[in-house]
């Protein structure tokens, strides 16, 4: 469970890459509740941590706001490379 | 019992857990181990280390109880207990000696006066350190100290604060 | 009862729903997962008019006009940042000169430029072996997420119904007439079905027992996105056939998006290590400075390919009313607005002014393949 | 800000040679063997960067290379994870203020094939589970390659100054730091275990019967590890919670604070508020006091303390209040935490007006739970299920910890959040099971698996274990 009451959503961060609680709530307000779409519209989970620290918090916000059970919210697939890796490292310069 | 909402155990709760506390007579004979471990957790070093099988546990998750008669007051349980939940109490005249783990710096020296803290960290008086088992001599890697204090504080004091200029 | 049921909630499906709803039709979109989940959200974002045949050039010219209009009307990002084809051989140059002539004929302002001019457009380019480049500043790119969601939103506002997580199980056709669509969420009765499922089109065609062969096959295409860098460093879509059909550009957010033409037939979408190695190897030849950027992820989507890389768009005469709008071979996103407009006209008026005859779904049956469309980014 | 004395740890002994690094051109004292961010923190530098869009200050958060809070430019190279990169004499470190601009003069690098390491079993993660897996797989006859992205083995053990529970043969009564040393010694003794530190796994792939783990060593070299079986023991990551200004520097994951003070002997701050009264929060409070840091309070949203009572009693008697049914509303401060505002909550987790309390602190420690690091397993295609009792999304596996993909095993916190003791037992099972699956271990080893399974059952038979068992019921298949 998380508390979303009595906090300013514009100053509450869901993701370290500048995605606020308000960004998520705005999309939810449009009636979009799919984590996959919310991810793409807000960019939560698309930055450097590759979703490690933000995607579950975003899922919790969706769960808290829509009443959808956490087990029904599918996590986006993790994809290679699972750590950000420099292009020249793959090229093995 | 609501020790889990407070984070400490009251003496009444402790009595309930241990069945009975050692008699005054027993407390005067020699030090006796008191486990303040009211919750079933998977942990057995106290039972394993006890040389006289005085620590009673039916299974690894059971709450440790002490057979006060079998307990010889060696303090090995205080030294080994991972939860720092074992203490020893010994009455001597109008004083009590409470043995407790002390994993903080500085470790007091024998003869040093220390501030006595109860189970919620309140200062309840002053006591004198009478025995120190330093970390390197402890069988559980934990320094153990014995502090002499007024007898009425024996069941309240569970930590000390060392204040040096 | 819906007048038109569109199967497939990719950008083609939702843009068509919008166009039909705008024309006063009752429209339903059935999407197996979520909007955009098929290939739209996995696309490379590019929108170009640099094709090699008259039909595609005209169609894409209209598409760009619509992209511009809708991005302004609906408020999603679309920029005319150009397409830059790097040319490394005399043969390539000859081909492109012909294309440019054709493009110019229809008002697409493509021109052949020198390597130095190319470097002015993208200062990070390695022009060592580049002989020339084909440059059209009016090509562009759009945000597939925001664009698709905008069309869906507008369609819904006009009354279109969009059902997500609704998988079509069968299409009921009686005496050559469509009765409805069976799904995991129940039966949708309808008189018209549009198959806008692209990579899955043949499966839907089979459900309706479409009597002609429309060869659309799924091919896995992978792409990468890197960490963001300062905007404006690679504005156009940069393309090199020499480097295994590589394409890359910078997104509005700053990351480099792109891929190479490493194809795999089938429905598997697992990103591969082989691709990761190939794409990095090719990209650093084109833009060496990319070597210090970090790749955030690799993903895959489908190119729904036809033998001539042109889509199959049109009415299937044997079934009353069944339309195929699929097989975009990598061009579905860029074509979506114009396809939506054209198909809406086909459905509502029976004709379109655009040269959609080129995409005639019967051409395969007749063995009249088109000249292969430039299949790229 | 460096600790000179500590009741349990000896930093003077552990610190390497003194070197100088430069932060924004200013010289800073550092010691070989420590990571960049630790040296910066010791010098009082909390703000490591500003975000690109909103210009929010960024500080340390996870300290184990999993989040992206500590990215800085090091020797001109942007986006270096400074929490897992060791200092080198003369290093130039600068804050990132904008997205990077690339040079127009770069030359294409030469393509080279990566280094290839062949083993029977590849183990990812050198914490308690991974180390035990390596030891037992090796003893069962397997050639093992073990990789870990941190500069030292031991995982989270290296910062655990408290003594472990359980039985004495399972290291009960021994401090986590000491267990790490013991396991590392054991691993070093075995010639058929090859250890690769500072090596991140970026992909787990299947090549017919072989598994391929693509690794990146020291951020610069690609290494391909191939084995007949793979054990994923990648541990856990800390959860975040939403509250105002929850991104301010000085808001740290509990593990990061342990890394600062227990691994590198750097004081995290002077006054700390801890969010979460599970074992992690309670143990952290005690460790902070041991390091001479004041703990203002522990805040817990549940009506009861979630961790072991004995851990709570240890900090209560040193005067630390535990506020159950409370939550944090916001952090305040300019560039870093200066205070925290906490309120009582009702049964529906809604803050009760008028119950706000202000704590003047410079650090807020988040100990609001862990979740398994399953990214590699998810990426390779193992089936995932949500089991909140195990910390969230976990992989489906059998009793020998083999996942839904044959030859891929999981152990420790990455299989479900539990304890280091159970992680070690699971590591043992997975290590032997992997050696069996690779066709190396003799069937005799089955007895050892059974023994470890029995010990696990025993460990989980109490009230704490019951919750775990409920989670396991959902994800363990025959």
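Labels for the chains are A, B, C and D, by order of writing; each one numbers its residues from 1.
The rule is short, and it goes like this: a residue touches a chain if its C-beta (ideal position, glycine included) is under 8 Å from a C-beta of that chain, and two chains touch if they have at least 3 such contacts.
Fair warning: this is a prediction, and the values are worked out from it, not measured in the lab.
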* Structure fact -> Of A-C and A-D, the pair joined by more C-beta contact pairs is A-D
* **Whole-Å gap between the CA centroids of chain A and chain B** => 49
* **Distance between the centres, which are taken as Cα means, of chain C and chain A, whole angstrom** => 27
* Per the centroid of Cα atoms for each chain, what is the distance between chain B and chain C, given in Å? -> 74
* Asked: Between chain A and chain D, what's the gap in Å when you average each chain's C-alpha atoms?
  -> 21
* For chain B, residues contacting two or more additional chains -> none
* Enumerate the residues of chain C that touch no fewer than two other chains. => 227, 273, 276, 281, 284, 290-294
* **Of all residues in chain A, the ones touching two or more other chains** => 47-48, 50, 79-81, 84-86, 88, 90-91, 93
* To do: Would you please name all pairs of chains that touch?
  => A-C, A-D, B-D, C-D
* **Partner chain D, residues of chain A touching it in the complex** => 1-8, 11-14, 16-18, 21, 47-50, 52-54, 56-57, 61, 70-71, 75, 77-86, 88-93
* To do: Under the touch definition given earlier, write down the residues of chain C that touch chain A in their complex.
  => 34-37, 41, 145-146, 149, 153, 164, 225-227, 253, 271, 273, 276-277, 280-281, 283-284, 290-299
* Contacting residues of chain B [partner chain D, same complex] -> 3-9, 36-45, 48-49, 59-61, 80-85, 103-105, 107, 117-122, 135, 140-143, 158-159
* Asked: Where on chain A is chain C touching in the complex?
  -> 30, 32, 34, 36-37, 40-41, 43, 46-48, 50, 79-81, 84-88, 90-91, 93
* Of all residues in chain D, those that touch chain C in their complex -> 52, 77-79, 98-104, 106-109, 111, 203, 205, 212, 214, 381
